[in-house]
Structures are given as structure tokens and as C-alpha cells.
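Multiple structures follow.
Look at the two complexes coming up: chain A is in both, with chain B in one and chain C in the other.
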Partner chain A sequence: MTAAGKPISEAPILEVRDLATHFFTRAGVVKAVDGVSFSLNRGEIIGLVGESGSGKSVTGFSLIGLVDPPGRIVGGSVKLEGQELVGLNDAGLRKVRGARIAMVFQDPMVTLNPVLTIGQQMHLALAAHESISKRAARARSAEALTRVGIPDAPARLDAYPHQFSGGMRQRVAIAIALLHGTKAIIADEPTTALDVSIQAQILSEMRELAREMGTALVWISHDLSTVSTLASRILVMYAGRIVEEGPTAQVLRSPRHPYTAGLLRSLPAMAKPGTDLEQIPGTTPSLLDLPEGCPFRPRCDRASELCAKDPPMTRADDRGYRCHHTLEEMVSA
Partner chain B sequence: MSSFLLQRILQGIVIMAVMSVIVFAGVYAIGNPLEVLIPPEATQDVRARTIARFGLDKSLVEQYFLFISNLFQGDLGQSYIYNEPVLQLIGNRLPATLELVLTAVLGATFIGVPLGIYAGYKPDSVTARTIMAVSILGFSVPTFWVGLILILTFAVSLGWLPSGGRGDTAELFGIDWSIFTLDGWSHLILPATNLALFKLAIMIRLARAGTREVMLSDAVKFARAAGLSETTILSRHVLKLISIPIVTVFGLELASTLAFAVVTETIFSWPGVGKLIIDSIKNLDRPVMVAYLILTAGLFVTINLCVDIGYAVLDPRLRRGRAE
Partner chain C sequence: MSEAFISINDVYKRFSPRLSMADRIVSKLGARVETRPVRAVDGVTLMVERGQTLGLVGESGCGKSTLGRMIAGILEPTGGQVRIDGKPVMQGGRKADTRIQTIFQDPFASLDPRMRVGDIIAEGPLAHGLADKAGERAYVAAYLERAGLDPSFADRFPHQFSGGQRQRIAIARALAMQPDVLVCDEPVASLDVSIQAQIVNLFLKLRREMSITLIFISHDLSVVRHVSDHVAIMYLGRIVESGPTEKIYTDPKHPYTKGLLESVPKLLVEDDALVHFKPIMGEIPSPLAPPAGCHFNPRCPIAVELCRSEDPRLRLIGPGHCAACHLAE
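So, the complex of A and B:
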């Protein structure tokens, strides 16, 4: 199942192989991202889901080479339309960022510069990749704002971020990300900080925009229900690794990893009204001190001695999972 | 904006009125200028006439209102010592202080801020560490000592620059300025450096602290994600984000240095107002003291007003009455 009926044979726009990003802190090495692989086809939307600290945001920042020290990409490969980004120098990365792959952040209150007008910020983003006159920049910016649903866009160019509501600010950020007709956008929890009603609006608009412009999205979120309405594929991340992946509908219907199952059971929408929500026992392990073998083992009710050995990624019919005791195994047994 | 301005101007007027009372009463309390004005061997008659001439026989309140009514006629009184109108006395010396202080504060800002931004941008580099070491020196070494060392080095040992005075001046708007002649600059450079050193240190620290904070913000990360170059991020995003504290300190430093550049002016025999006020305090020259202090208060009020306007220009969130 690929998005929007694109042929499978087409080369993926983004191909990530064994990406590893570690933080070299005084307390030790934090393996925030430890061997993540996935590929993103043109126009496809994939959801990267996990709890706080699972490494999903660091994965996002690693893709555009914006990992803050003491973090650093230590291995793997990120190929954007065939071009290797890992190991590319700053100037090379700068040319790619914003032009060919863009990112939208979580909190629209802090991503825009409060002391520059929207027009100035958009002009700077345009001028980063092409020489453009002030007038042309204004026209392009107004057009981009209109596209993301901001009314009276030409006049709003002279407004400052604080004169916009949260949802409008996030739209501005999305408009900036789309300025150069980027074919891939990493969206790092872009609706988390917004009201639920605004969330739904932005979600449907993003889906619409992605379809219209053929933009592929990596949608990072801790909210499985948000992702499920949007993404065609879901990647579930735990302790720096992808523990389960597959087409959204299948993963939701029959999760194979106990962690995914736990996440699903803890969704309010899945629970019977009036009953307590199920929780996954325990907390996310410290990345400094991961248990040996499967990192989910201490929280898993299915763990056995076998789990002291790291489960490999098993791939079968478009799905993948890292578990010795998959749920399906249980069903079939 | 205009109502904001009007409000601030009214506030300024109130402050000035209060200041004038405090200054007048305070200077009155310091001591009786008669001992300085009248020689001990003067006759009773001379004494009485002098007292009457300066209006010292009137009560404090009467003297105050006389002073205020004269003030509104542009008359700040006559110096006891120089026998010159106070306004003229201060007016002759103010340009000297003005050019010295402006050179020092502007120089410190335009050099200090870029250095500070660099130090905040690359905090671990050798250059950044050197900059911070210099700023610690600027903070901790006393101004008068630096002044003496500057004279010793550049005037006495090397003989490159003069040790004091204003040098040649050129006239503009009927006022003599040293900054318009080469010789004037050679006289200006040492005292200006001396005054600037402390301010340079402050500006470096402010800019560095601001830059370090802003560089970690999501706004900068988002700008980077949009592909902006580091130079653009620093010059367009960061500089404006860190400018509020810099403008604040700029205003404060400018005002306080204008009022109290005394030490440097004394060391370099710079004929500015700082020297004048010290002399008049020594001589209990009441009119000069009162006028000087009131002018200083006016200076602070004006500069603070400009700083407030600067805030509104720099940070749209601070513009009142403009919200949509």
C-alpha cells in the first residue's frame, strides 16, 4: 500500500539506512537514535510514533543534519533523492535545507522570530536559496500564505508573529517550509501545541497540501491517533529504534509488537467508556542505561529468557517488527 | 504611540520638578557659600551687601521660587566663582564632554557587540576565550589606573599621542569640536579609550550572554532548517533578538558617563563638565551645582525616553496601543 497510488518502482525521495545519532554527554554515550531505517516515497506520508525520549525528534533533526552538540550522527546513511547527506559539509547541508527538505517544529510560539515581520522572515528564507527582489519575495510569500489558508495574506506580511494565533503561526511556519516547493518535509509534532479543533484543521490541510504539491511527509508524533488519520505507514520507535513498522491500517488492526499493542490500548478512543485506560507499566528506560537485549523487556508481560538477546528486525509482507514473541505468534499458537 | 510619548514626557516633567526640589534643598544643606564668597577680613557692611546681592538673606522657599522663575526665563543664575552665567559656563564645556563620551560609548558598542556575538557564537574557540579575558580586564582594572598607564605608555614612553587637552578644534554651529580635526582626534583617542574600556567589557558580556541564549532557541533552529546561512542568522535574527538589553545599557552608560566622566576628564585635563562640577563642589558654587544636577536629570530623562522609543522600534511586542 503506497500513498496516492504512486508506483512502487519509483525511487524513494528519502532513504534512511541504519541511522545512528549518539550524544556524548559527561554521564556517558546516549544512543538517541540507534540503527533507524526507512524510506519515504514521493508524496507519501509516514508517521513516526513514540513516547518522549524515544528518539523520534532526534531522528527528524538528524535527517537535515541539525543535531546539536554533544550529539552527532555516528553512522548510517540518509539519501535525499540519491544524494548522501550524512557527512556532507555545512555549506552543502545548508543548500539542501529549506530547498529540498524542510522541517516544521513543535511549538509555533517559539519557532518564528518575534522581532521580525512575517514578510521579513519569509524573504530571508527565500533569499537563502535564490536571489530575489523584495517585491518578488513579497508576491511569493503572499502566495505561500494564501496556500496554507491565511486570509488577507499580502497585508499580513507586515504583521509580527505575536499578532497571529497559534494555529496561524504554525500555518506560517508550514508556508515557510513549502516556499521552495520542497518535496520532503519533516513535521516534528507540529500540532501538539495547538487546540484540538485547530489540530484537526491543520492535519487535513497538511494532507491536502501534500497531495496537491506532491510533498512527502515524515510526521513525528507521540499521538498515535493523529498519525493514524494522516499517515499511510507507521513506524513505532522505542529507545532509539524502530520496533514495528507497517501500513497504518494493518498496524492498528493487528499490532505485532507488544509495545505497539500497549500504545493502542492506552488510546482513549479505543477504550470502553467508563473503564480505566490501560497503561504500559514502567517508564521509558534511560538511554544511558538500556537493559541488555530487548529494551522493552522490563515493561513487557510477554518477556522470556529469549528476550535477553536482542531481537532482530523481522520483515514479512510489507511489515517489520523487532520481537521474539510477536502477538501474531500468540494468536496462531 | 503618540499617547505613550505624551505620557512619558509628562512623567519626565514631574521627575524634573521633583529633582529640582531635591537638588535645591540638598545643595542648600551642604554648606554656606558665604565662607567662600566673603573674605574673613570683610566688614559687616560688605558682608551684608554680598548676602543681599546673591539673595542669600531670603528663605529657602523664596530662593527656590526665585530660581524656578529665573529658570523659565532661561536664566540659571550666575556662578559665584567664575562670575559668568551658569548656562554659558556649562554650555562651553558640554560639547567637550559630549564628543568624548559619545566616541567612547559608541566605540565600545560597535566594537563590543560584534566581539560579544562572536564569543557567544563560538564560546569554546581560542578567540572567544581571548575576548572574554580582555573583558574581565576591562571590568576589573580601575579606570584611573588604566588612564595613567595609557598616558605613561602612549604619551610618555612612546610619545605617539598627547597626554592631555583638547588639541585643535573646528567650529560647527558656533561650537568648537575636536572631532573635526586630526589633532583633535589625537587628543581624543586616549581619554576615549580609557572611558570605553569598561563599557566595552559590559557590551561584550551582554552580547555574549544574549547570543548564547538565542543560538539555542527554536527560532534559530528553524532559520537553520530553512537553509539560512550562519552570517544571516547572526546579523538578521540574533542581533535584533539580543538588542533590547544592549540598548538599555547603552542608554544608561551614555547618561551616566556624560554626567560623571570626572575621573577621565581630570586625568587627561579634558575641559569638560565633569571637571567643572568637581571644582564647583569644592568651592560651594551653588548655582553651578544646581544647574548641573538639574541638567543631568534632564539628560537622564531624555535618554531614557529615547531608549523607550528604541524598545518599541526594536520589539514589536512592546508597542502599546498598536495591537490588533
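So, the complex of A and C:
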């Protein structure tokens, strides 16, 4: 934090290059993340979207070095404000985690300790990175809780996690992630378990946070519409890779990758009520048994012989896509 | 007056908490022990015509699943009655017949992992005489095909299938009982988007091809809009608004329905639309102690004094369109 003596340049907070995380299972090598690159600027929110098994969560875990055996980061780099995180030992990672980069998980009931009060847990989180008096810790914690919209924060510090509702618990988890003035938060499906009205509250609070405090967010979700309300950039993952990326509105309005287009067309919101939804044929391939070339090839209606060769990431006017047969203006707004 | 195909008449469901040992002892000794039952479903009246699809929408704890289970005859109402085609679905705590089948949210929990798919599907029809041993394979094959599965899957076990395929197996099992009514409790909530589309399409196909009546319970407003003819919105055990789907979605009258629809993240927004995103304030109150008057009043942006004291009744405000709000017109 104190290293911020240099002028604020637009250097990204988080820079990920060719990240690869593989799982070495008895059945074979699962390339859960296979060459993911992106960068995240101050106050920016990017949405990482994909279906189950696309590698979006493993990408999130890899960013803060939380991959357990048989998984291993086998290549690439993750730079947090210029500091390389890949290859850092546990002690080094512990210094970074929670202080400069933090993660919020889907189920706050699992991440919060049920036998400690919220105040105790927040004190622990603070004490992990700095020496702080109990009183100062309470003040900082109450402030963090207020920031995420928890009413009557000082009194709530003495409550236990089970005394909070699901939405409030998730707010506590976000407050803990924010305690040290964290620059980047990785949020893995943080609102999936919540009701729509509570989800809407948290989404609008997250947007405020990013705007006011400059916190950068990687929002991992399977839900395109949540991401579209929140993120300025969207990354679509399929079988361990980013298949399409770009500014949210552009990607959603005119997807270039057939997978993105297929996903969008399969949403009930895009179809006339009562009519059949368009569907992507088949199912997501097993990562153990990926087809040669483009992994989406067997489900793609535009596939040709060319697709037996792996398409490279093409970048043009702020967008990127991995496809030999891109489409323009598939979905008219 | 002729009765609707499914008629849910002023149905209540209360769950009483189990007393602790200490409380049981003092109550035996004659002391009064305060127990507050959870009013999971609090006086619901609904009609569904044959072949129609009713969407039941609400957030967690609103009682939509409890209501669904009472329609399916899994739970007995504390008060009121659910009748299908004039006959009650439950008599003396026993499910009366097999006219109603249920499809649950989690196809990983609802299929017995030790049974082959064919046995899962044939179990009910064999027990109820809809199929015999000789015709079992053909019977199973027919329903697997109807659910969009290959008949050869009958010899496999549930773990060999993905979530979407398992949900199809659950649907095949339900259809094999030749039900008149299918209660679907969050049938697509645990599925990926592309798989969700396949299952939604399957429901649409079933509705077209069979004269089946569907109760479609979901928290996902866009899926419900897609499959339902009528929608009922629940809040804390009560119906706050019901009516034809398009009417509810385009011209909601109850402030809760309006708030709920506005809370749904839109897929394509203008860049400025972010500013207009206004979530409903506050949280859902505990059903143990619902607020007095209109249950929604503490969160309602337009509540007046009357809303805090008097309970609004569900009243007709348009053709087939009801709302429980003092201020709805």
C-alpha cells in the first residue's frame, strides 16, 4: 500500500498472462484453465462468464493461489500491481491475500466461522496483516460493515453468522474482503444463492464501491444478466479458455463467437414467451476428452474443416474472439 | 357454478416448532408455553383450468414450495382444501391418487443412485397397474423417448448422466404415471443456461402434445414468463398478485411485483440504465413474525397508514387480474 509513491498511472491492478491451471488426475490431465489472459484496472469490473466446468472458478482460485493438488498452476503469470504471484510461496501469498487481493465465495455460511462473532472474525482478519488494538479493529470493522449497507453496524459486530440472513452474510463477507482497502476482489458467484431483490441490492452496492473506492472486481458468474448490469467488460469462457471478450454492451449486442451467440439466444428473456427457446445442441465436452481444434466445434453450426485447427485469439477494436467463422450482428438489440 | 380443474380453496399451512424438553416439562406442569407457528401458507385461493400452466413466483420463504407440495398431495393443509377435478388430493393425511406428479429441483437428490433408470421409471407404473412386467421395457422406452432420451439409457444408472439428462429422467418418471397435473418445483434452477433452454423446451413440448396441467414454481421471473399462462406472485405465505402472464409482466399492480420485476438484471441495458436500477429496500421479514397489516408495508415505497393496520384482501382489479393492495387500481 505504501509503495504507491509513484504517480497514479493507468497501470492495471491485476495483469494475467497465459494462465494455465491443470489437474493431474488418475484419468488424465484436465486442463481446467488453459491460457487465460486479461487485465483489470482500478475501479473496473469485469465479468467472467461461463457454464459449469468452463474453468471460471478455477481461474478465480488460481489468481490468489488457492489451487489444491492434484491441481497446479503450470504456466503463465498473475501480476498484482506489478508483483508476480505465480510461484510465490505460502508465506508470500498469505501476505498478499486478504490485504491486497481478496476473494468472496458463493456461500457465506461456509466462509464465515460459525463459532466466532462477526467482530472477532474481522479482528482476526485485520490482525493477520497489521498490529491493531481491539478498539481500533472494532471501529474499522464497523466502518466496513456500514460501507456495504449493514444497518446498525457497531451493534451487529457482536452477532454470530447464523443471526444474519443470507444477503447480510454475503455483505459481511464482502466487508471482510474490503477491510484492508483491498485493491482487487475476486467474487465467485456471490449472488447466486440470494433472492432477486437482495441480489439487486448487492449489485447496486458493489457498483458504488467500485466507483467510490476504486476497488477492482472480477465477477465470476454463470448469469449473463447479472454480469451485464455490473461489468464494463465481459469475458466468456468455454472449456478452459476465453472464447470471447470485449465491452459488455458490444459483446451482448453483437456476439462474434457462436458460443456466446448461442448462450444469448437460449435465454428466455430473448425469446417471445411460449415459443421454443433456441438451444445449443449437445453438452459441454469433458475436459479429459476435448475435441481436436476448436473445443466448441462439435456443437457449432458454423463449424468447417478449418475448425480442426485451433483458432487463435483475434483482437480487433477492443474485442477479442477465438473463432475461424465469426459472426457479426447476430442478435439485434 | 362450475369448479375449476384445480381449485385451491383458502389453504393454510402452519408449521409448529417442536418444543424443547424444558418447555415440554413446564407445559406438562400446567404453565403456558408460547409457541408461534410459522405461517408458511396463509390463506391461498387459486384456480387453474385444465391444460393451463400456472407459474408460482416468489423469493425464498414465501411459501411457494409449501403450496406446491400441498397441491401435489405431499403435505396436508392445516386448513382449506386442494381439489383436482372435484376430488380432494388428500384425505386424512393420505394422498388420494396418482393424478399428480412432482418434479424436484435437484435431479442429483431425487433419483435413487442404486436403481437403473428403467427401474426408476417403471417402479410407479408397475405398482399402480399402468404397466405389466411383460410390457415394462416398451413402456419405459416410450417415456424415455417422450422426455428426449435414448431408450437404451434404461439400463444405466443415474450417475452416468449429466444434470440436464437427469432432469429428463425425472420428467420421464413423472410422465410414466400418466398424471393430469405436474408440479414442477424449480425444475431448471440447478441447470446451466444452455441446458435450461433444452428443459424449458421440453416442458413447452409436453404442454403442446399432452393435455397436462402444469404448476411451475420458480424464482426465475424470465423462465416463468416463458412457460406460464397465468402467474401468481407470493410474499410471506400469501398471494399478492395473480393474473394472465403478460398482464402481470407488462402492467403489474402490486408494488412488490413491480419491485421484483425491476430487481431482475436486464440483459441489454442502455449505459445510463444502471442509474435507474432500484432494488426493493430492506429484507423479507421473518414468517414467524410477519408485520401487521399488509405484509409488504415495511418495504413498500407507497405504503400509507391504512397499510400498517389493515390487511388488504386479494381483489379483482381487471379481467382475471387480482392484487392484494389497498392502493392498486
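Things worth noting here:
The definition used in the following text is that the second predicted complex is superposed on the first by the 319 of 333 C-alpha atoms of A that agree within 3 Å, B and C clash if a C-alpha of one lies under 4 Å from a C-alpha of the other, contacts with A are read in each partner's own complex, and residues count from 1 in each chain.
Just so it is clear, a residue touches a chain if its C-beta (ideal position, glycine included) is under 8 Å from a C-beta of that chain, and two chains touch if they have at least 3 such contacts.
Given the structure is predicted, the values throughout are model-derived calculations rather than measurements.
In the superposed pair of complexes, A:Arg138 makes contact with neither chain B nor chain C. Once the two complexes are laid over each other on the shared chain, residue contacts for A:Lys31 go to neither chain B nor chain C.
By the document's definition of touching, of the two partners only chain B reaches A:Leu124; chain C does not.
More residues of chain A are in touch with C than with the other of chain B and chain C.
Look at A:Ala159: by the touch rule set out above, it reaches chain B but stays clear of chain C.
The contact sets of chain A with chain B and with chain C never meet. Residues of chain A that touch chain B in their complex: 64, 66, 68, 90, 94-99, 102-103, 105, 107, 110-117, 120-121, 124-125, 127-129, 159-160, 162-163, 173, 176-177, 179.
Chain contact summary for the complex, chain B toward chain A: residues 216-219, 221-230, 232, 236-237, 240-241, 314-317, 323-324. The residues of chain A lying in touch with chain C in their complex are 51-52, 165-168, 195-201, 203-204, 207, 222-226, 228-230, 249, 252-253, 262-264, 266-271, 273-280, 283-284, 333. For chain C in complex with chain A, the residues that touch the partner chain are 59-60, 162, 164, 192-198, 200-201, 204-205, 219, 221-223, 225-227, 245-246, 259-260, 262-269, 271, 274, 277, 279-281, 283-284.
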